[in-house]
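A quick write-up on the structure given underneath.
Letters are used for the chains, namely A, B, C, D and E, taken in the order the chains are written, and counting of residues starts over at 1 for each.
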Amino acid sequence: MTALILEQLLNGLQLGVLLFLIAAGLTLIFGVMDFINLSHGSLFMLGAYFAVLFQGLTGSFFLAVTLAGLGVCVVGLIFELLLVRRLYHRSHLDHVLVTYGLILVANESVAILWGATPIFSGLPESLSTLVALPFGISYPVYRLLVIGVGIVVAAVLFWLVKYTRIGMRVRAGATNRAVVSVMGVNISLLFTLVFGFGAFLAGLAGALAGPLLSVQPGMGETVLILSFVVVVIGGLGSIKGALLAAIIVGLIDTMGRAFLRDFLSAFLSARVASEAGPALASMLVYILMALILFFRPEGLLPMQKRS
Amino acid sequence: ETVDVGLILSLSGSGAVLGTEMQKGADLALEMSGGKLGGLEGHFLYEDDQRKPDVGKTAAEKLIRSEKVDFVIGPSYSNVMMAVQAPIVRTGTILISPNPAPAELAGANCDANYFSIPFQNDQPAEALGLHMNEKGIKKVFVVVPNYQAGKDVVEGFKRTFKGEIVSEIYTPLEQNDFSAEMTEIKTADPEAVLAFMPGGLGVQFVKQYDQAGLKPMADLYTVFTVFNGVSLDAIGAAAEGVYSVDQWTYDLDNPANKEFVAAYSTKYGTLPSNFAAMAFDAVRLIDGAITAAGGVEDKEAVRAAMKAASFQSVRGDFAFNTNQHPIHAMYIARVSKDEATGALAVRNEGMIVDKMADSYAAECTLE
Amino acid sequence: MLIFDKVSAGYGQSPVLFSLNLDLPSGAVSTLLGKNGMGKTTTVRTIFGLTSRITGDIVLNGRRINGLAPHQIARMGVAVVPEGRQVFPTLTVVENLIATSRDETARARSAAVQAIFEMFPRLEERKRSYANLLSGGEQQMLAIGRALMTRPRFLILDEATEGLAPTIRREIWAALRRLKEEHYTILVIDKSLKPLSKLGDRHNIIRKGELAWSGTSDELMRPDGEAMRLLGV
Amino acid sequence: MRSPSAPALVLALFAVGIGPLAALLADDPYLLSIFERFLIFAVAASSLNLILGYGGMVSFGHAVYLGVGAYATGLLANSGYEALWLQVPVVVVVSAIAAFLIGKIALRTTGVHFIMITLALAQILYYLAQSSSAFGGDDGMVISARSALWPGFDAYDPWQFYAFVAVTALVLLGLVDLVARSDFGRRLVATRENAQRANALGFDVTGTRLVAFVIAGAVCGLAGMLLANQSEFATPGYADWRRSGELLAIVILGGVGTRSGPILGAMVFVVVEHYLVSVTPHWPILFGPLLILVVLFFHSGLAGLVKALGGRFLAPTAEDGR
Amino acid sequence: MTPASATSALEMRDITVRFGGIVALNGVSLTLGAGSVHALIGPNGAGKTTLVSVLSGERRPNTGTVRMNGTDISTLSALRRARLGLTRTYQLTALFQGLTLRENLLLSLVARDRPALSPADIFRRRDRTRHADEVEDLLDRFALRGKAGEKPAALSHGDRRRLEIAMALATGPEVLLLDEPLAGLSTADAEALVRSIEEGIKGRIPILLIEHDMDAVFYLSDAITVMVNGTVLASGAPEAIRASPEVQAAYLSEEDDF
């Protein structure tokens, strides 16, 4: 039983870190730069497709993942230069509609290029093995790798946003572009670069998640909503908060799926429990978000409280 | 004189996986009969329902009222089927389902104008129960998505399976990660796993099942989850050895099927899926009925001819029950390499049951 | 140092400055005075190219700066304490100072921050506070500190003493005097005439976007002179 | 000045009249059902516009009231209560209660947090519908009979049914417009522009927002009733976040906070849904850039475009109305 | 009713506000006499604005009570206090950014009727007609007519500050809390405002005046309280305050003496 619970906790942690990885670029672009980028999910999807493409070309998984990240970064830079930079000073609603338009274009382009149906994205032999962990748990190597990458990304982002001058300038620019530029900062160049970096992170996440998920048009959208959940309940702009939120969401979701039904059947009849259990499990993340925002309207670890 | 057939399929969005397969099958059928249906000029009108019931309903009205089609084939999913069935059949237009066949429409709400080509939804799971009984499998773990079709599969399986279901898990419909379920399966240590994971879910589930190292521990039996072409291409080697229960496989030995598979492979470069095959059959059913009735004018005659199922099904033996759902054989199949092409395919491993009727026909009042 | 040559500029299509001529000599303290809404802030914004400039030339150190990006102009050594403070609300006090600092090493930056804290001890007490939580006066101090962090040669203060207590205001005037002695070029927009007349070398009054008057401190303070009339005192 | 209400009325009448005209000219009553959808979405979108455009509340869960209204109608109809006079009050009350509860919780937050909490609460209801086998779960619920107005009224006759939808939509659109431009609506705008100041002026910010939220929910619930009647079906999909997203897109595309925006947006949406789709299955690749262009070049959406084209008369903005 | 509260418009007792470790107000007590102008001065960050927010109900104090015209309003929300006629201005202007000046003023006039949420208002349109004349009047009084159709963003800083004050006055206050009303105003405009307070309001409406402009403070006020670091340093008649060496050191000093 302990082993089971431990393994489920590990699963939850793993899912959480994966969610963080997916949400990382979004935290940067939405939380820090204050630009609502619905097309983040599309960049994620492109990452998965690019990884498949590059794996076919290079034969190396790691090279493919890196190239996919860079490829998506380039796409992100193009988006930024052509569209996004015209929108920073506009309202959130304008961001929403333009990036929604981008989703449509991205999904359809992918469907035209690769077909509307899922494509193959697999792992090299070396990564598709299991490792033995304490308590008799054997765990897929690849999932451990994902945890590792997620933690590295979290650390890098945290440092970048909180402690570097670039991070401070971006946060400043998100609230007052004119003044930052009057202070001698080339804010539009900076924003372009940061957007590109956010896109890189989205691409990286997509490339890494590809072998776990079904790589198909629209795969970014369910992921997108979860990412927003993570960013918002973590507290806008807070990397620590996003990581914490991602792990909580991962754990709650996994634990809900694993134990809620058994838990409910302690009070309710088996029939009702097996009806209510899964229903509740799928709502759990949203219930969690509603509760957190109800009691802490600014999220778990907000960058700052409003006065 | 022409025959107009409206096809309401899910052609965009996440539902496109099935819709495009069906489109391929239907197109091929018309092409093979030289663009003619029962000797008359055949004309297809495609409508995309985007897997949304209300969009499907509007499409249906367009086909019936505006285009005044003679037949409708579709839709791809049962939620859309529930919305379009009544409005179509009440105008006297004939509706043929290429895939979804919910219990309600096979039983109490059966209709003279409604035909299901592939099966009644519960049948594959019922057949699987029989198969497992026969093989002496006692402990089974069941995973299905938490919606009506998932529950139907479990019900169907329980109807025939005599062993123990160690656990039945209902997963949210929009789920990306199955690691919690994999851990549960591992802990429960069943002899076999029954999974029903349609569309993209299936790709994820089978891949993750393999990555979790479960394949050697318990055989994976599936319904409506793996199919030739896109699905197996997307899953890759992880799918090898997975079982599937189907009413049709591409290697069935009958002339109609041989002809179909050969033509399909030539035209599209892959093996046909059962969705393509069923859509193909649906068109063939229309073709045969018009030939038998000598035209489309006399609706009664067409309906009677349809019911007689006077066409060469890719399944070989084929007949409609009183509720206009098929009586047919069910097969156990397994994913392995096709000798000729080397591609992975769902290959026949033997018949489970012949002339199987569905469980709801008795509730239907049709003669 | 900075010359406005017949500059017309404004917001969108409607001009606010009409053929404005200004000459701000190097190493001196100039002032820009005028009633509310006469175009003082607009003049500052125009220096940085933040308004739509319609005609005329702006020359900084002999170089035409029309059409340059704001950050390019700032990097030529111009810094501003903008009207209404405009500190970065989501940054702490220290981060506000460091974000736009021009020093490249961490050590140089913290030395510079320390210098600001000596000027405004109140800021040091609040150094980890987010800027939007500061009191009005504290924000004003921060805005001044932030401008100094860019190590400017030309400092523009747009109502920089608004909301500051008299003691602090006196500190600021004293600090400006020190900067003047170090030959900074300074442009001050403010409403307290007495300190301005002690500090300023040359005063300019604008009225409806035009230079209406220009003169020395003595001329400015002449009780019923033209300047006083223009300022409505 | 009372005159500005005339152009909006003109547009609404045009919206209602164009359907039968097209159907008559093309001799194709099916066209009516497209225009029915258009009117239904126009009503839903204009209710969203009331809280989004005038109240500044970006609800990402507005479609949930479509679902609530549709299920309420369906459950009544399927239990034999087909009379409209009975269905309308039930739908209004049920969706108003849903909106009240959601609003009560969500209005604790603002900005992006409000967006997300409305999404979360809507998703909870969505999953509730999806996993309730009593209501047909994910497969949805067939509605056995359309609403009955009076003896002799044939709800299945295309023309009569269109008339029913059109009149209801007109009434609801007018109602929303009336509310938006009332004294209440003006205070709602004040809460949008500066809640702190509005509160300090003694306007009950939370109360004003909540009332607007409930009105919008009830109107959208009635749109759901129409949708249920039109498609003879209720599905959890009506309450899906994607549908909420579509409603948002309709409003933003049409022009947030403009009086004609939701109508124009719904018109384009339905045209896209039906005609662009039949032009190419890859229609999103045309529609996406259209959205982008409208946002980039017309600050207030299609209403802004119409205005720019000199149609100021046809599409007065919110400001004009004041 | 105690004798003190009979003549006091606003009476605060023992108010403490903490922000985490910072003590912004530490047991502040102060009485604003009916009809008097009471100035509150002190260095930056002394807690003056925080006190105004406590009085207006926008910030809950950690301890302390507030009475208005003798009744305890400590538990009332900001909204309820506003409806009692307790009006404040904001040091950092708080305007309706998306609305025209005319609309801004109109809404303030509407607020004078202390309108409750009423079903009738949902269908009625009469605010505009009812207050049309007064809006024009205000525009003239505050020299904003030229910009009546513009939104606040198109105003100069000083004009925005004037609008801020105009809006507060338009609400027909019972008690007025002015947070640095002269900041940002040109000398001429500042003088005009001081005059209009002196002639129009002083003696009728009690005012709590926060201001760093000492000339105005000594000219207008009947009593002065000096706050430093969240505590009251001194309180009394203007002459006494001016003479106090403590106050001189902490706060007052000639600005042009540098």
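Simple rule for what comes next: contacts are C-beta pairs under 8 Å (C-beta built on N, C-alpha and C of every residue); 3 or more make two chains touch, one makes a residue touch a chain.
All values reported here derive from a predicted model rather than from experimental measurement.
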item	value
Chain D and chain B - chains in contact with each	A
Whole-Å gap between the CA centroids of chain A and chain E	47
Centroid distance [mean C-alpha coordinates] between chain C and chain A, Å	44
Distance between the centres, which are taken as Cα means, of chain E and chain B, whole angstrom	74
Residues within chain C bordering two or more other chains	133
Residue numbers of chain E (touch at least two other chains)	none
Multi-partner residues of chain B (at least 2 other chains)	12, 146, 172-173
Complete list of chain pairs which touch one another	A-B, A-C, A-D, B-D, C-E, D-E
List of chain A residues in touch with chain C within their complex	165, 168-169, 171-172, 174-176, 178-187, 237, 303-307
List of chain D residues in touch with chain E within their complex	178-179, 181-184, 186-187, 189-190, 192-194, 196-205, 207-208, 211, 215, 322
Footprint of chain E on chain C - complex, ascending	11, 34-38, 41, 83-84, 122, 126, 129, 133-138, 140-141, 159, 162-171, 173-174, 177, 191-195, 198, 231-233
Residues on chain E engaged by chain D in the complex (per definition of touch)	56, 58, 78-79, 82-83, 87-88, 90, 94-99, 103, 107-108, 110-111, 114-117, 121-128, 167, 171
In the complex, chain D residues that touch chain B	28-31, 33-34, 37, 127, 130-131, 133, 136-142, 158, 227, 230-233, 235, 237-238, 273-274, 277, 281, 283-284
